[in-house]
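Okay, so chain A shows up in both of these, paired with chain B first and chain C after.
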Partner chain A sequence: MGAAFHDASLLQQMLIGALLGLSVYLPLSCGQLSLATPGFYAIGGTTAALLSTRVPALGGGDPTYPLSSVMLEMAVAALVSGLLALGIGKLVLRLRGIYLAIATIALVEILRVTTLNQEALGGAVGIFGIPQPFNNPGGYAAFTLVVLALICWLFARLEDNRTGRAMAAIRDDELAAACQGIDTAQTKLLAFVFSALVAAITGVISAHFFNSWNARLGNFDASITTRAFVVFGGSRTWLGPVVGGLLLTALPELLRPVGDLRLIVFGLVILVGPLLAPQGLVTPERLQGLGRSLQGLRRAPGGGEPTEALDPGPR
Partner chain B sequence: MLTKARLIVLLSSLLGTPLLLSSCGADRSGSAPVQLSEGVPVGAVLALSGNANVYGQDQRLGLNLALAARNADGGINGTPMRLAIEDSGSDDPGANNAMTLQINRGMLVVIGPTLSQQAFSADPIAQRRGMPVVAPSNTAMGIPQIGHFISRVSAASDVIAPLSIAKAMERNPGIQRAAVFYAQDDAYSTAETAVFQKALAAKGLKPVTVQRTQLADNDFQNQISATLALKPDLIVLSLQGVDGGNLVRQLRELGYAGPIVVGNGMNTPNIYPICQKYCDGLLIAQAYSPELATSANRAFVKAFIANQARSGQGPVIPPQLTAQAYAALQVVGEALQRLDKRTPLKGLSVSAARKALMDEILGGTYQTPLGEIRFTPEGEVIQKDFFVAQVRMDPNGKSGRFMLLK
Partner chain C sequence: MGSDFIQLLLNGLSLGAVYALFALGYTLVFSVLGVINFAHGAVFTLGAYFTYLLIGGAVGANGLLAGFQLPIALPFWLALPLAGLGAATVALLIERLAFRPLRERNADPLLALITSLGAGVVLVNLIQLLVGAESYAIPSGSLGGLPVAIQLFGAQVRTVQLLLLLVATVLLAALSLWIDGTRSGKALRAVSEDPTTAQLLGINSHRMVQIAFGLSGFLAGLAGGLVGLSVSLAGPYFGIGYGLKGLGVLVLGGLGSVPGAVLGGLLIGLAEACVPAAWSGYREVVAYGVLFVVLLVRPQGLLGKPLATKV
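Now for the complex of A and B:
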């Protein structure tokens, strides 16, 4: 188990899981059940794979691929998927609930089948030999950690400002939110587009990290897996999908000592998680409880009563 | 209340700690001496779960048989060989993880991964970190070209697949209307169908139809009806075991009686339970024949049959995947033995042992169940014998065998 965990490549995959979790979470935080994340993830991955293997100028002269080119790929991928999300979002966001989910599944399928049938996009074999900006997984993990921290910071800011509150209001009751003067269509579209940007940027990182990219990496299975990150981690605060993505990506690897049964155990965990914590592992209430107990601990060395400090406080 | 900013700091530091730990010890695995206390460490990365799991199971058996044979024969000059098999799932990230795990554990060589698609993803990691890879079943073009450390004992599909087309034409010279099926979302299928279609074109046959299916499909009624309307007299399939087995069954049920040529994906007795009596007559080119009369193959077949009698299940005739996996471990064992005689493994660092082992693997000639094999300097296998076989099902429709066609 130790060998698996101390390996930065697992950490890197966990971070990718967390980013994808955030991408699914965003539309959900304004009540929209969108499963489009793998579609935009695939756009990001394919863009990075194409640009880095077909455009020699991006590679510079170095054996390691320049980071500035990765940034450029991110910008291109974000632009492409942002524009697509804008166009498609205007149409499909008129749908609600399960109908929106179905429309977004269709989007994922259309992108997948298009990729499979276009030799230029790699076809079924995919694109391989993607150049590496880092020589070891540690470099990837450090870079992705910075990206994740930045996006988490944006999410934290978002939840505190007017747009974030508008999203929460739409989630709780769209009609009431509209009556209060919130432009619900605009807010939902914003969430959808931002979600697409996060997914596309994650795709760019993944394509380099995986060495190869193919259409199966962004299929319907991925829709369900990324959705599970949010269900498992919790969908009331941005920390939920992050925790869910980290945990559920790591679990199959950490369970390797179990041997042949590991996927069965993994399935059981996914099943039992929502049964025991229907709101997900991380909820605002639990965070507040944790915050209070941490604050208590900090006060303790400064002369506070130790017994009081250990009291988690009323829930 | 805990502020959001503090939460981010907390989260980053939580994640950063293992990162720091790992980057400190990143290449510790390479410079450490080879760990021989539990045996000579050899790793494998097989698809034991996911949609390729039937292949992985066949391969695991072959590796275990070869391991038993090597260790019964004194291991690596007295030290037993230790085999650690890791599951790659059937996808790229799974294969990457399993490969990295084997590298970090200080294995000297990795046998695998099962699928070519996984190899394109995981092998560059091995190449970068100087880990020898012997692929037992990758047939796509370009695998040994990934780098110096990547080799394979499985002949590429462009060498093998055309043989079955030639055999079908030889048996039915009147063939004029060939129909082709392949799974368009699968790397192996799309690569092999290109080889098949080229071989057909070389015989002057332009396919009357090329039908695309999906790996996860089970119902092929539409494609089959469209095809049968064109009255084909040869059908060529590049499909994996499960979808291919189902397609064959439905082809026969819907009345197609002509010859069917299948590719390497259906080169496993695991198709018998799927197409049952309808498997009968399938033509397939193989890199292995159980009927090859060499002492290496007889020993392998004997060990296989004894093992199946003990476990009381599965086929009694070894599949190609099992033989190739056996050959891969045999190659590794013999190369390790030669290396250890020349430079004892005991004094070597892991990375030095890996490098020397790769040269030793490529330099040898091996008498395996596949016949005599060698390698090109690039790591591509040079195999002497190929075979075309026909599936013969027993009257009960439950079991059968690949009968060698002379």
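Now for the complex of A and C:
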């Protein structure tokens, strides 16, 4: 039981990493270097923690917390962070590059310090005893997998339709995109708000899974770690941040045997990763290459050219 | 008014001086490379630990170096610049490992945000592994014959704060003189305008980048040692908070502007010192709140050049 328990718990953390990676990826996929994800993640977590422990009508006293209440928390968290993202986004998305990054770091820090100082929001201690909708990590992992699959499906749809193409056009050249009649402000705002929704929903799941919530879970470190998910996995297709989030969340856990050295190794991986694969692990070219060689394998079993999948593709 | 006001002013100014030193380190690197060095906070932390070791401080019971003590105990005024040189060496190493490979590969410069963060994570955890996570204090008697506090206009002023202000002022003046008045300072400005053109004009861009990193590490190391003396070394992570604040100062003053970094540092230091004790929990918000508003109203910062837009 011990090992299985641990594995499911690790899987759950990896899935949360993948969701956060997707949240960071979205603004980035239209060229916006936003680091606001942990702020909205914290809003989701705090909302879930407050509602489930302070509102008895949601069923916090029941042996298993109803899943419908979790859904309700998600809706409230999405509404709160969506509205905030709408307001903040209108202001900050006029900024570019490193300026936008720093403005969003400031936003995350303001949210964190405010939560830390408001007893009603958990204060410095945090909120404990968040009720459990599942009695084992496996249940959480299954639920989160469904959420992740749903969001991945939405992202895949997005990449193929007009809005997704508009985002890619803005990333490549914002001015040219505007000249083509794309409403750049509207598209960037849409990406920012949707990113906030994904982060808030992830926060709700995390709060229940962790059983407690405090302000430190949404801080500057998280801003950069989640950004690393995307850089590491690749920022040009939605699969990149998913892979990056899964791998980089698992890494410190898998490195547990090296003990005290594990964070040093983790740091080295973040340091060396972008040098070896500047585009990230998953790029559209590599996916195409993989698809081609899979087709080749299907036509001539055993006679395909698997090396093609490893081709780094054009830089 | 009177002594309370002077106390407040000095608290704010000495805090602001630290922020300014920090922001200047960012500015130097930003002006030549256009990116933020996220390992800068770790270099600051290292400077504090180097100073502690050089004055003969002993490592605590945790960590691989438990009980370690240098055979020499230098006076503070000698330990501090040496610690600065140590920090500069580490900054050069960071440039070599986290920045130069990206330039050599012509990769997206923003990747340096991640690689430098990786370098920072390695450094901070290396400190923790070697000397443990406990906090250390540089004894206030390290200043030799100087008194711990002196009377100034009727206010009780800690000598450390005056020293901090003095060192920061001297460094800032020297840096401005170097950038504005010397040949190599001019070369640095040329590289920050356009590295390729500078290279064509016979300026060794790589060398200027190294100088910028070395100087920024030196400044951070000194700031770390001084803060270690004035407050304490609150564990391997204590530079990160200052690092974030320095980032805010940097944007407030204007990215790449030296006087801007100084003005921003002093403004935020003073603003934080003016937060009443009852609201001290919100002190951190002041810096970020100011930063947020300035970004929206005047994105180039107080003294920065207007942002160029492509047409």
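Just a few scattered comments:
Keep in mind that, in the parts below, the second predicted complex is superposed on the first by the 291 of 315 C-alpha atoms of A that agree within 3 Å, B and C clash if a C-alpha of one lies under 4 Å from a C-alpha of the other, contacts with A are read in each partner's own complex, and residues count from 1 in each chain.
Note that contacts are C-beta pairs under 8 Å (C-beta built on N, C-alpha and C of every residue); 3 or more make two chains touch, one makes a residue touch a chain.
Only a predicted model underlies this, so the values are computations on that prediction, with no experimental measurement involved.
Of the two partner chains placed by the overlay, chain B and chain C both lie in contact with A:263.
By the touch criterion defined above, A:33 lies against chain C but remains apart from chain B after alignment on the C-alpha atoms of chain A.
For chain A, the partner with contacts to more residues, out of chain B and chain C, is B.
In the superposed model, A:95 lies in contact with chain C only, and not with chain B. Once the two complexes are laid over each other on the shared chain, residue contacts for A:271 go to chain C alone; chain B is not touched. By the document's definition of touching, of the two partners only chain B reaches A:215; chain C does not.
Once the two complexes are overlaid on the shared chain, A:288 sits against chain B while remaining clear of chain C. When the two complexes are overlaid on their common chain A, residue A:224 makes contact with chain C while staying clear of chain B.
By the touch criterion defined above, A:175 lies against chain C but remains apart from chain B after alignment on the C-alpha atoms of chain A.
Of the two partner chains placed by superposition, A:87 touches none, neither chain B nor chain C. Note: residues 116-117, 260, 263 of chain A belong to the chain B contact set and to the chain C contact set alike, using the contact criterion stated above.
Of all residues in chain C, only 35-36, 38, 97-98, 101-102, 105, 107-108, 110-111, 113-115, 117-123, 125-126, 128-129, 240, 244, 247-248, 251, 255, 281-282, 284-285, 288-289, 291-292, 295-296, 299, 307, 310-311 touch chain A in the complex they form.
Across the complex, chain B meets chain A through its residues 1-2, 4-5, 7-8, 11-12, 15-16, 18-19, 21-23, 25-27, 48-49, 86-87, 89, 91-94, 96-97, 100-101, 104-105, 117, 120-122, 124-125, 128, 140, 146, 183-187, 189-191.
Within the complex formed with chain B, the chain A residues making contact are 3-11, 13, 15, 112, 116-117, 123-126, 128-129, 132, 135-138, 141-142, 145, 149, 152-153, 156-157, 159-160, 210-212, 214-217, 239, 242, 246, 252-253, 256, 260, 262-263, 287-288, 290-292, 294-295.
If you check the complex, the residues on chain A that touch chain C are 33, 91-92, 94-99, 101-103, 105-107, 109-110, 113-114, 116-117, 175, 220-221, 224, 227-228, 231-232, 260-261, 263-264, 266-275, 278.
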